[in-house]
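Chain lettering (A, B, C and D) follows the sequence in which the chains are written, and residue indices restart at 1 in each chain.
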């Protein structure tokens, strides 16, 4: 038996642990393993297949990034190529990919990726590729699993940043706005905001009103707390749209963090600064939780293959790793439930959620 | 409404987060809060009750230890006191404690503690004290909850130690034995051992045979891996007892880590060193996960009181905080299930569990 | 003897260690200690003097921020106050401050601050205030001392950020521009850039040419290294001015990091992102080095007072703490020497310094 | 030109940074580089020479351990080999080593090591090997240099451990004894003890009296501080010998940390626990300071070769890297000066040094 591993989409701390878990579990069964460099580029592009054995996955559990490389631009159904004249064209190269799998004698594929990569995997399954999925998302918004590797590390990175900003916010009596990841789901903002003692947390699931945000800051001011910490998910949106607060010119500038900061400064007169954490959240050594989850996901993916459960992905249903059909997971992306106890905790702690 | 908070048993990172969560959630409802210093010493001994408001719980989420102090020697049913002649006597001071609650106008108690402290709380409930519990255990062995605060931090501390020892073990071609906490349950050893790429993991749930352990080390030696990392839970036991391996004199010396190391050195001829992590695992700043869980537990405990669910404790049933009757939780302490995927993962990775 | 402690200017990790060192060393001599809240606001404004004894400085060595608060707006010679109509006026309140020192029986002052605060202290000395200085600068640009507390922590924070960005820069084949502190001196950029394996480091001491920067990126591209890491000090300047590269409109936007990123993207066609670390560098728990230096500075300041060496500041001349006249230190701010071995090391490692 | 790099003695965080600095600086000059595996085993034993270029030293700055391996058993003048009958014999294989250098066309050697390895290097110099040294010691006891890489990381590891133990020491009202490295010099104990707010610090340079130690603990007890933190260097010795405190049987057991703990418990009646940090201090990712110092040392070693300064080692004379004749450095190992300001600071802070 020969299996291949591919990773697609953005980095997530723990990717290398998944690879290690899968490779060792495969070798343990006497199987052969290869890695496809940079999504499917190792089969369709200039990159190569790389053999993966115990030596290749030694000492990588705690390393950020991925030894296979990754990419956001590797959809075999819409493969982009640059022509000599500089323009881009798209081909469907999926058939070619399926042939390449066969040509290399690959019996099964472990596709590690987020929503996008898992959808591509789902289509490859229809083309006859025997595959299982491993969900990967910093934002924790893939359905069917309680958590994915990388999320805990991202929350830790964001919390550490909020911690560091707290002391200077207080010394300088400023409002600090920290923009964290979370395009559709506010898990990072909510978790890091709670753990970092934020005063305001704005998430995509709850449209915010700037008056509520500013009232919270004014209320703190009145209590002698001359600084405030605002955590904003990149996907947070104003109720009724931002045109309520900013003219077209100003909406153009910066992300939601900058825009929220500008309105706060204007409305409250408090000096306000923004920090956009950006890719800091995707990097670095995974936390112990993410290392462990990665190893377990990797080993479980191999067990799924051994059981012939193709079209499924591994998932965490604490304390157990289970399998979930890809169709089911992709049908219901995760969002912060408004009746969750984390939301209740935030309100109990007196944190404003902007509503 | 006036509520009191007590903490009993050993330290666990995240305790201060629980206290903060509970105090802010209580204040948010217009309630008053007091802390009982050092278990019940603040009511029965020389310590005092301390008022707890927003100012007292400011900036404590990330601090190790507990602002209330804690103790292992505070069972009101068996209160120990030292007589002038140096001997110790035990009284049942539970009635006195119940009166003290009433005298101070305490309407409900949040008892934060492990198995021992929660049992005491259970008995106080029988005496008419309105109370709810918050489970606390580094070892993760309290029943009814998927996890408790402090466990994730302990696993991280242990994993970091294993990481640090790995490089010198390799350079010096030694066997390193790391003894971690876990008297009855091997969760810390298993998690840290997996995350830290241990070669052997010994846990209380699986009696070990030293021949298996030594075979693993010899096998690595044969593969050119001239070092090994062995993680042992303090409660791990040899199949058939240690007299199989060590004479009475030697069994007396040191903990299980030292004993395992001595047998390895003797049987394999490899230089072997032991590190006992001990209290390192109880200290330090809690991880983000533990901060968050602490805050959520604290706020949820106050909600339990508001709902009148006395005799229950808060518990994590991911992703939600639920309540569980104390009787139910105490009836079934947690152990590592032998059919868990973590055990399967360990075996898939080629790790010896000593069996 | 009664001494007072004031802190001025931005936060620097290690400030609390200085305060602890000074207070314990003073108490050890039987002296009394008070802290002036927020620069001189504790004597001239709405803040108070706070008594400082062992209890007040317990457990603060590793805390970021300062227990005394700080401010950038507290020059007693140019004291700013807001009139009821919202406009600001400036007074010279230095005489009043001197009288307040006398009125409170303060025999000597320990002024902790950067260039600005130490200059104010120098003028107070002329007015008859017996004082000693403790240099404080994240940027390491105060003269007369090999290092100041806070610098090592800032370098560590910046290096950790560069580490985290490295893996995603590589996965996504991007150029990352990280803007770090250093208005006049490039110590943070040079140290963190070296430690974090940057490819380009731009510092105020060496005007940069964008062609050199872009050539380095293109050269890496040609070697198959499809990503680059650029570290820019906030005070770095283009040789001949930025109008060489950007029109007026674009120069207006963002800091030097953003501007450098825009030119790189335009000239090389590589996707380029910026991260501005900003106040992250001023916060957080001090490194061991900064804790230690803070404690030593604080204790040494008290020894200076005991020796009557007023008008001096403590300074590090490794491995010893010495004293330097304030005039001498203020006369010669520190810059990265162009013939330093750190510069030579950067060039030896193949790092472009933009020249 | 072809140069070789060898590392000898125990691990020190920063070793890989030295190797990277040297290799890149050599390549930058158009030189060739090889690494000798495991001390001189790569030339005399079963290990090999490994080519070292940019690819081999990529991404290793922050890794603990050494990519070349190291060993304590590689003195070519006293080379130990195991005979078939299990006994060990020693040969002088230095001539053979010199011939091997020539046979491989090695023009110069960079010998990275502590006191022992540098002495061996000194003898090889006499045999005609063109070499320069790079000092390596966790303990900071090599003469001629203000600091060596690894020391800062060791101090940080020890300080973090003390931090973690503090909270539980306080909760449980115990005395904690932490034994840290430092056979002949107390730099680690003194630095970590200061930074970690120890109450007692025992170093080899100051023979201790247990009465003084116990008095400090009793004094704290009287002040209501029911716990104490004692930091002991492994080389600390009792004034007049330990037979003053312990009988022969008990002296035999454990290291100095255990012995000190036993006497404290006996004399004060306080529950006392020991933690021996051991090899934790040699491992882990180097601090930024150590990464930087390692890179600078490595690059400077290559410059020494370029300048033909054989028989010298690189050294830190802050803020500059200088060169020092090996003879000079070896003649005067470093100890904590009793009149240093660190000692004065410790006394000013009320810390007992046991004298």
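Quick note on the criterion: a contact is a pair of C-beta atoms (placed from the backbone, for glycine too) under 8 Å apart; a residue touches a chain by one contact, two chains touch by 3 or more.
Values in this document were obtained by computation on a predicted structure and should not be read as measured data.
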Could you find the chain whose CA centre sits the greatest distance from that of subunit C?
-> B
So what's the Cα centroid distance for subunit A and subunit D, whole Å?
-> 41
Give, as an integer number of Å, the spacing between the C-alpha centres of subunit D and subunit C.
-> 31
Taking each chain's mean CA coordinate, subunit A and subunit C are separated, in whole Å, by 34
Would you give the residues of subunit B that are in contact with at least 2 other chains, written as numbers and ranges?
-> 163, 166
Chain pairs that touch, as defined at the top of this document = A-B, A-C, B-D, C-D
Name, in rising order, each residue of subunit C that touches subunit A in their complex.
-> 10-11, 63-66, 69-72, 157, 160-161, 163-172, 176, 273, 275-276, 278-280, 282-284
Of all residues in subunit A, those that touch subunit B in their complex = 20-21, 24-25, 28, 59, 61-62, 146-147, 152, 155-156, 159, 163, 166, 191-192, 194-197, 287-289, 291-292, 295-296, 299-300, 302-303, 318-321, 340-342, 344-345, 347-350
